[in-house]
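Consider the two complexes below, in which chain A is the common component and chain B and chain C are the respective partners.
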Partner chain A sequence: MKKQTLSLLSAVAVAALLGTGATPAAAERTAKIAGFGAKSGVVRSFGVNTEAVMQAAVEHINSQGGVKLGDGSMAMLEMSFDDDRCNAEEGISVLRKIASSDALVAVGPTCSNVAEPLFGILQRSVDDAGDSGLRIPIFTDTAIKGGLAKISEWAFRNVPNETEMYRTLFLWVKENYPDLQTVYGGVEEDFAHSRFTWYNVMDTRAQEAGFEVVGFSKWLLADTNFTQQVREMKKAKPDFVALSSHPFTLCGILKEMNRQRVRPKLMIGLTSSSSMETLQGCSKAAEGIIIPSSFAPVTDAAKMVAKLADEKGGSADLHSAAAWEIVEVIAQVMESEGVMATEDSVQEDRRKIRDGLAKLETTNGLIGTIMREGDGEATKPYLYVHAQDGEWAVLHDPGAS
Partner chain B sequence: MEIEIFGWTLLDYFQTIVDGVLYGATYAIIGIGFTLIFGVMDKLNLAYAATALAGAYFSWGVGTQIPLPAPVAYVISSIAAGGFGYLVYLCNFRYIPSGAPLASLLATVGMLLFLEELIVHSTQGMPQPYPALFDDVMLEWGDFGMRGDLLFVFCLCVLATVFLLYVLYRTKLGMATRAVAQQPVAAQLCGMSVQGTNSTTFVIAGAIGGIAGAMIGASVGILSPLLTVPVTVKGLIAAVIGGLGSIPGAIVGGLLIGAFENTFQLLRSVTERDMYVMLLLFAFLAFRPGGIFGTASRHE
Partner chain C sequence: MDFIWGLVQILGVHTIIGLSAYVILLTGQVSMAQAGFCAIGAYIAGMLTVLAEWHIIPGMLVGGLAAGALACVVGFPALRVKGLMFTVATLAFGEFVRLFWFNFDYQISRGGFEIGPLGGEGFRQIRFFPENGWSTLEVAIFVWVWVILIMAILWWMDRSRIGAVLRAVGEDELAAQSVGINLTAVKVTAFTIGGFIAGLGGGIYAHYTTHVEHLNFGVLLATFAIAYPILGGLRTVVGTLLAVLFIQGVLVEGLRFLGDLRNILFGAFIVLAMNLRPAGFIDARVTRALGRLFRAERGGA
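Now for the complex of A and B:
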């Protein structure tokens, strides 16, 4: 009996040894990508969507064999995702943690108010030996406030260029709705993106296109009562309205417009509102609103990403879909720059990825080719979508005309 | 020729004040909950507005499974919030020594944040549509108009006050509640259950809060976790200005804040609006700390 037990234990031990012995032989090299964004608080859906899409992209690349390293071997991509709560201090803390790990590149953050100070702690210029800032490339999918990538040569963004989007949109409106002369604006005053887009983009682009801005109303992100703002709008009697507002307050203002029977001939919304949140919150009131968006499931690749994001418990929209494009670009750069993905080559690999990203002139996007700008920003293809029967439908493709 | 003051006509002011008073009804209902609990236990329950909205979210959740008419959703919200109120009592008051009021207060802050995160995680933070009554009704007389849904909320607020005053002054439960509020030891010696009365107060306050949560959701047509903190702050200010412990005070406080913030939004800007509400609060705390209907030394 004792002998039998000993044999059994020996067999188990041998099997265990074989098991552990087999591991290094079959071990896959891994190249780590660290995602981060808001996964708690009221902007949680942004982080959830980005994580789902990133995860889908990583699995997609790994299912095709992973990435080819500088020594010719293959490596699987491995990703993590941290929550920065849309808070600048937490974002900085998360990035410092990522920088001290063996992650080769970071993808995030969600919020512009995090991105701005975060980019500030990166080394400003890559060849400035006196600058002790963090040296890790960051590729941003969501934080959309204009011009942030200029802050550091380690920062890159794959966010749409709103200035260009609204410039062409207002021109298109002018051409297709010649009877429209006046526009009234609305701005979510306490949200960096909404403010920037109204004051620096919508207002000026509308005037450049020949519209008269007859006024604008302000509200706050957590406001629930819009009677006064809509009365102001009603008094101004505009031909159409342009609302720089995220889904929650957009829905509030649209419902109040319905209630007060303010029915402009056309409504234009903020890029970030071309999401499921708006349709879930107020699809009826939002019917017809036109929004420029850098994502819509109009190509086979975009349809696949939308499906995979859904399977991962997220949703592909103009922000999260950018994370797919980012992961694909990173994999491509890892191969082209000969990243080694070893313990000793982390800093060298980060520099290679940064230099590789900086060299790119174009990348493949889900709905077309993306132009990479010299300052780390992107010019992405976009479409005009409108809310139609509870869905976002493509209204016009400016790239096709 | 119309008379203008600071660039606005008298009708603009009247409209603004009426809009504010009507919307202030939601603050008033939340204020009633704060004041009811404070009146009985001499403690603040900062998780109150969160439980109110949790009730509304619960009814929304039921509504996603079975289509519900708006009034049924409101009733479910009220019942659920009553249940949440009881849970808050158990977690934050029942087992925390009565001699440590700060511990209860901080526990309710924790509960507020916990409920908020719970809502965020169960809905991914996405706004959810909530059924509204009289949502598209607008009563208009020339250039003057009143929102039908807010008028409905206002009427509910009045009904809630009448109901509470009836319960407090015409029922045995009310007598027990008042007795426990005034002399808990004596009430206990007379055979009244202090814990039973306290827990019933939390359930009643919670049920009223559930209606408030539903009305707030209905007034926008959407539920969002963004609502929790602003509603807590405004409801608490309503209760303080009206006089903590006074139900009519909470009503007047809520309506006053609604009118005040709307007027300053018209005169100044939406970004300065809350600053003036805070100044109003400071003014009351400095010159009339007991509020409109209370006395400064009530709990001394």
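Now for the complex of A and C:
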């Protein structure tokens, strides 16, 4: 009996201590950001990198005191990150979970085929009371397929404008490699981004720059054999190739080109392939490939982000580095719009953040100023990088010329 | 609550897809074409509500009927083969349908935007529910009305002569044929019903995701479709529902907090479940026990 009484008293004492200990933590205000993306499957590395960079950005802001709320008090940023497996259904489920929580804004997703349905379930126009779509701002770092943000006024993207990037790149190639006349394309046909970029961007921009597109080959994301595609490429005898493909199949096609001794005078790659995965998968075969990228560690801020991402177990590339910029912009908007971050103000705060994001005309990027467009898209500064001795090196800065 | 009702929608749609395979499995055939039928229902229903501005119910019904009609047409040649050959034939058909939509473009211009299916880029803005102000709860109720309706019809069918005929063919084709059952007619009927149900499921799927593309209807969905009734057990339609709750509710959604570990556990749990319940969650022993329980309760009353 005595033993039982002692146990009971101990339990009460522990509970009291825990309760007391919890008080200061409970009093600390937090503003929640929910990240999500693909942390499993073929594109796993994108989600892993985004999470690492987001975490680093949140810690960086918190180390400087957090964000100032509408009532003058300070709040720490708090983030979560969910895996959507690059699957539309799972992405919708994750977003609904985020919308049901007290998160003020969502950052993601990785895949364009997830972004499309996600933006579709958002309310299209903010003042359309008859539209029952979700009302939470989403700020996308990775899903890059053109023109997605216009699906909803709650959707924003901090992804580079590929149309502009490839327009200037092909013109630059024309100017600097005057002997090149013909180009052969390659497209990872079943992935929304790579497909869109070949048909709507690379193909047309190359022709506009005066190149003759002598053909193109198709392959699928899960393909492992590229013999036929490279044979077609070899037969076309192009001066250079433009490959709209993610790192996994890009490496496959480049290795097969090596095997069949197809050596074009120049290779151009897809923005998303200017990442460590390409170098880890096929640095030798990728040597010399030129890719326009909105990130390279060329400024102090960019170098710091690259270092912090590395410490967090990820790597900073054009996609994940965008997550850093997004977190910084969100913190800035939270302060400028007077977000309250209380239990009762969640929906109001979400609207404030959305309106604040919509008002922005420029934001600070890691390698320069980012222009915000009226449709929720961004025009980001970019560089041409090329694979050189197993690293991405800056080849040209079109902004400087 | 929005998240819960969203999850309820997903569970409902997957139950419908599982039930579409259940009917065919009763005749002893393993169909990998359900994802293809689902795609037909999804695209047709989507086109009818977006391009022709129909209400979702007639849109879904037309999508379901188109999928069912195609299942009937394909069923005759496909069902000339049996067992694994049939499975391979239906897998090939499913891939054919997926690739058809992958190459299918039909867009019209409205309000300055191009709308409609666009091949590999998919079919976006199938926004019947939000545009008509349906809340997530209302959509969930709508989905489950269809689930309950389909389950009730299949439950009744299971207990009627039709169910006995389907099971007779599934148990022993030779014996069934020897008592005068037309095997081809029975199998094609089951295949047609399965196609129709999958088409209905696809119609709802397109509208709650608001965007469909060929990748949504690949081998993974086809595998899930047959996994639900097999894992749940073929003794009753309720088994499929239990399996959907287990896979989509517990393994996919419930374990999301585990991150990468979820994918490893996903397969391990399914293998474990199949080992512990080789005849499905609801096998003969469970149905007998439940039967005894109900009889005892009725007797007690």
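Methods note: the second predicted complex is superposed on the first by the 377 of 401 C-alpha atoms of A that agree within 3 Å, B and C clash if a C-alpha of one lies under 4 Å from a C-alpha of the other, contacts with A are read in each partner's own complex, and residues count from 1 in each chain.
Definition applied: a residue touches a chain if its C-beta (ideal position, glycine included) is under 8 Å from a C-beta of that chain, and two chains touch if they have at least 3 such contacts.
On a predicted model such as this, the values are computed, not experimentally measured, just so you know.
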Which superposed partner A:His396 touches (first chain B, second chain C, both, neither): neither
Touching partner for A:Lys97 - first (chain B), second (chain C), both, neither: second
Which of chain B and chain C A:Pro117 touches, first, second, both or neither: second
Contacts of A:Val43 with chain B and chain C, given as first, second, both or neither: first
First (chain B), second (chain C), both or neither touched by A:Leu134: second
Contacts of A:Asp83 with chain B and chain C, given as first, second, both or neither: second
Which of chain B and chain C A:Glu189 touches, first, second, both or neither: both
Which superposed partner A:Ile151 touches (first chain B, second chain C, both, neither): second
Intersection of the chain A residues that touch chain B with those that touch chain C: 40, 44, 189-190
Residue numbers on chain A that touch chain C, as the complex places them: 39-40, 44, 82-83, 85, 88-90, 92-94, 96-97, 99-100, 113, 116-117, 120-121, 123-124, 130-134, 145, 151, 189-190, 192, 195-196
Partner chain B, residues of chain A touching it in the complex: 40-45, 48, 189-190, 218-225, 227-229, 231, 247-248, 251-252, 255, 258-261, 276-277, 280-282, 285
Contact set on chain B toward chain A in their complex: 15-16, 19, 23, 117, 120-121, 124-129, 135-136, 138, 145, 147, 216, 219-222, 224-227, 229-230, 262, 265-266, 269-271
Of chain C, residues touching chain A in the complex: 1-4, 6-7, 10, 102, 120-122, 124-127, 129-131, 133-136, 208-211, 213-216, 252-253, 256, 259-260, 262-263
